[in-house]
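Dropping the structure in here first, questions after.
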């Protein structure tokens, strides 16, 4: 009986349709406290915090600030050589509206919220930067202790670079140069299940954390790093998440709940409100992309110059990784042999941006595909034909010179043409993804071609 | 007046973390009655990884699907999985599951071979029975194998699997060259959109989406369709509805409830036609590739191109709001919608560029040959 | 005060203005209605009060005194699924499952008053319910299947024999596998 390829209902489907699937918020633990956060109401300020009034309120069992965190600064991607830059709780400065300053654990949510109001914070406001295009202006406000853009790419470079072939020659040989600017927006992951973390101290000194994370071990590592604990003192329980889309990797609720649980000695649940989700949770990044393509009048894309500014918000999070992935794919599904790409991870005083479905490439696909549609329009060429001609084929190489073993661009485009009933001339109708030759191998594509050995 | 238009897009997307180096580990044990326990660290975020991985075990180990319990619930019993992101759950984690199932199968065959006195290489496991190839009357059930393992041979039937695509180092940061493929596989998709634009209100209605996805191998076509359909709505939201910062780059007016933040609802859904292609990957379990993220990538550019086809304006900022449409139409009417042409340069959107917005001398600025 | 929840009379100690959602989840341990937004915006808290779908996050418990409150737990069990639940399962109407209880209650109420709903009727009934995973296509398919009576069984787990392996739409031969 073949199982792979079968249209089987979900393994956990019965639980879903009977309301029995257990999400973090459904876990019941006796003696549980509820948590609420104090968050910055301003975009950029020096701060001084006094939690004493909150701690004195009857029914409040813990107030946690940066002072309670053994290692307050963390970096999500330190394992990849990206240094830590972000405090779990703000110490003496806040860099975005919504940045957490303290967490209160109390008998119920209303009491926790009341205690949050009682925390006294003095804000010494500073100028804020929001427009990534202006981050390099000499009078730009300074957002980050590293400067206004990320400076720690390999070789301590301050940008991600791709260079391939001879882009100046390509622009010289072009019949037309088409340039445009593309700006997709920040959007919310907006899973129906909000960020929720439940930390339970165990009798043996361990801490069990019920987490909505998309990555149990990754989040366990983040919490362990903050607490300076070995991994086996933590037990992460989860694996059943009410939607993530990339927004539940940041480990937003787990460490603060853990610290409050340790300080109070009681289980603590921190469940974000929808307001917090929509106002303070990390978002998909806004991107700013400027593309200039050197093209021939018969529709070959000879070369591409591209500048990308990625809006990372106030901290780095996963942005250097996202920009790197973006740079590796900046030609989209086409073989463009001459490339000049520069990309910057730019800091602004907004909520840090993070991974979201398609990280690094979603906004890129919008930009490069719309740009190709524009080229077709400017040249007066059928948009299917322009794409089919330049489409990746077996043996073509990527921006970083990796041979493509089996791209399906040509078949998928032909299938869409079919579905639309779009007539194509015979030579396009019969195109395949096979290695380029003849008319599909003009001089400018010869040098980028991988050897037949390399393409496997 | 309403205008119709069509636009297309063709995209690609990598499977696995960029530059790889993202391990997944799984272990399997058989109970004394032959039932199978799978311990995986992959979080199921709705993508259906619990289901897919269970299917892979059933197929590979050769036991009925409902003999398997799947446990991804905690880090004490499950080994490391890097995470459910980067479209890696089916390919990378799936490969770990596949390897663990193969290892468990070998153990089962080892015991069966002793019981049947037939070489393991002449045995197969089908629907919970170990049978001799070509002589199906010679067989022993997997439950009986488990009993023999437990009480005759004193063995635990387990299988362990781990998968890691080696980390691809950037050997030259000035060019971006890498020493190994920086992805586990690449998936491809094409999309067409049909829109209707009202030139008086600026409203864009996405009427239809055609989507063609190469998924390598659809381990479960129902789940693949679910990803593609869900991704279509998320792509539509990115294209025409959603934004955190209505006055980006300013941070004001970020809406705190669903009346202000427009996540797509059920009303006004486009008709979605989906075509699934299988061009198997070289390294994925049963040829599978990842597609869950890519599912929301092809729609926005197809929709934007369709808008141009409908009303003759290029909107290069997302979302494509009525306000943006109306302002662009006004500019077009005033004769200001055309790109600047100088020599062979055709230059669009200059008002948005760093060359215009940044201060003189900013390192972000650049010039183009004309 | 007293509530009748899924046919059982329950005593409630919470203050009268406590949202019904909180009473159900925290006091009575009925966790199928979810706290997705607590603004009335997502629909995941939807339960039936007197047979009508209501946002339990916005409803003060005192207003429910004397009414029958029905949640997903009252529709069916894993051993005996309601046809609507079986349809959602077979048609893959639930992915992460978090919006599913609300979708089920609103769909159930629809089918009770309109046994043969048009697609428009289904869209109207579910207009205020957000799903971020499915794109709604298979949710609508599930409700339509339930209305048609096109449900394989009410037993836990359709047998594997029903899940016929399908051929892909396009298979590219000769590719590495």
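As written, the chain order gives the labels A, B and C, with residue 1 at the start of each chain.
Rule of thumb we're sticking to: contacts are C-beta pairs under 8 Å (C-beta built on N, C-alpha and C of every residue); 3 or more make two chains touch, one makes a residue touch a chain.
Small disclaimer: the values here were computed from a predicted structure and weren't measured.
Chemist: Where the centre means the average of the CA atoms, what chain is farthest from chain A?
Modeler: Chain centre farthest from chain A's centre: C.
Chemist: Which two chains have the most contacts between them?
Modeler: Highest contact count belongs to chains A-B.
Chemist: Once you find the CA centre of chain B and the CA centre of chain C, what distance in Å lies between them?
Modeler: 27
Chemist: Please report how many Å separate the Cα centroid of chain A from that of chain B, as a whole number.
Modeler: Those two chain centres are 15 Å apart.
Chemist: Need the CA-centroid distance for the pair chain A / chain C, whole Å please.
Modeler: Computed from C-alpha means, the inter-chain centre distance equals 32 Å.
Chemist: At which residue positions does chain A touch at least two other chains?
Modeler: 1-10, 12, 190, 241-243, 245, 274-275, 405-406, 408, 411, 415
Chemist: Of all residues in chain B, which are in touch with two or more distinct other chains?
Modeler: Each of 45-46, 48, 64-65, 217-218, 221-223, 231, 234, 257-258, 263, 275, 277, 279, 281-282, 286 in chain B touches at least two other chains.
Chemist: Where in chain C do residues touch two or more of the other chains?
Modeler: 37, 39, 41-42, 92, 95-97, 130-133, 157, 160, 166, 170, 172, 175-176
Chemist: Within their complex, state which residues of chain A touch chain C.
Modeler: 1-10, 12-23, 25-26, 28, 189-194, 241-243, 245, 271, 273-275, 405-406, 408, 411, 415, 456
Chemist: Can you tell me which positions in chain B touch chain C when the two form their complex?
Modeler: Those residues of chain B that touch chain C are 45-48, 64-66, 217-218, 221-223, 225-226, 229-234, 257-259, 263, 265-267, 269, 272, 275-282, 286-287.
Chemist: Residues of chain C touching chain A in their complex?
Modeler: Contacts found on chain C: 25, 29, 31-32, 34-39, 41-42, 44, 71-73, 75-78, 81, 85-86, 88-90, 92-101, 104, 130-133, 156-158, 160, 163-166, 170, 172, 175-176.
Chemist: Please name which positions on chain C make contact with chain B in the complex.
Modeler: Chain C residues touching chain B: 37, 39, 41-42, 92, 95-97, 123-124, 126-140, 157, 160, 166, 168-172, 175-177.
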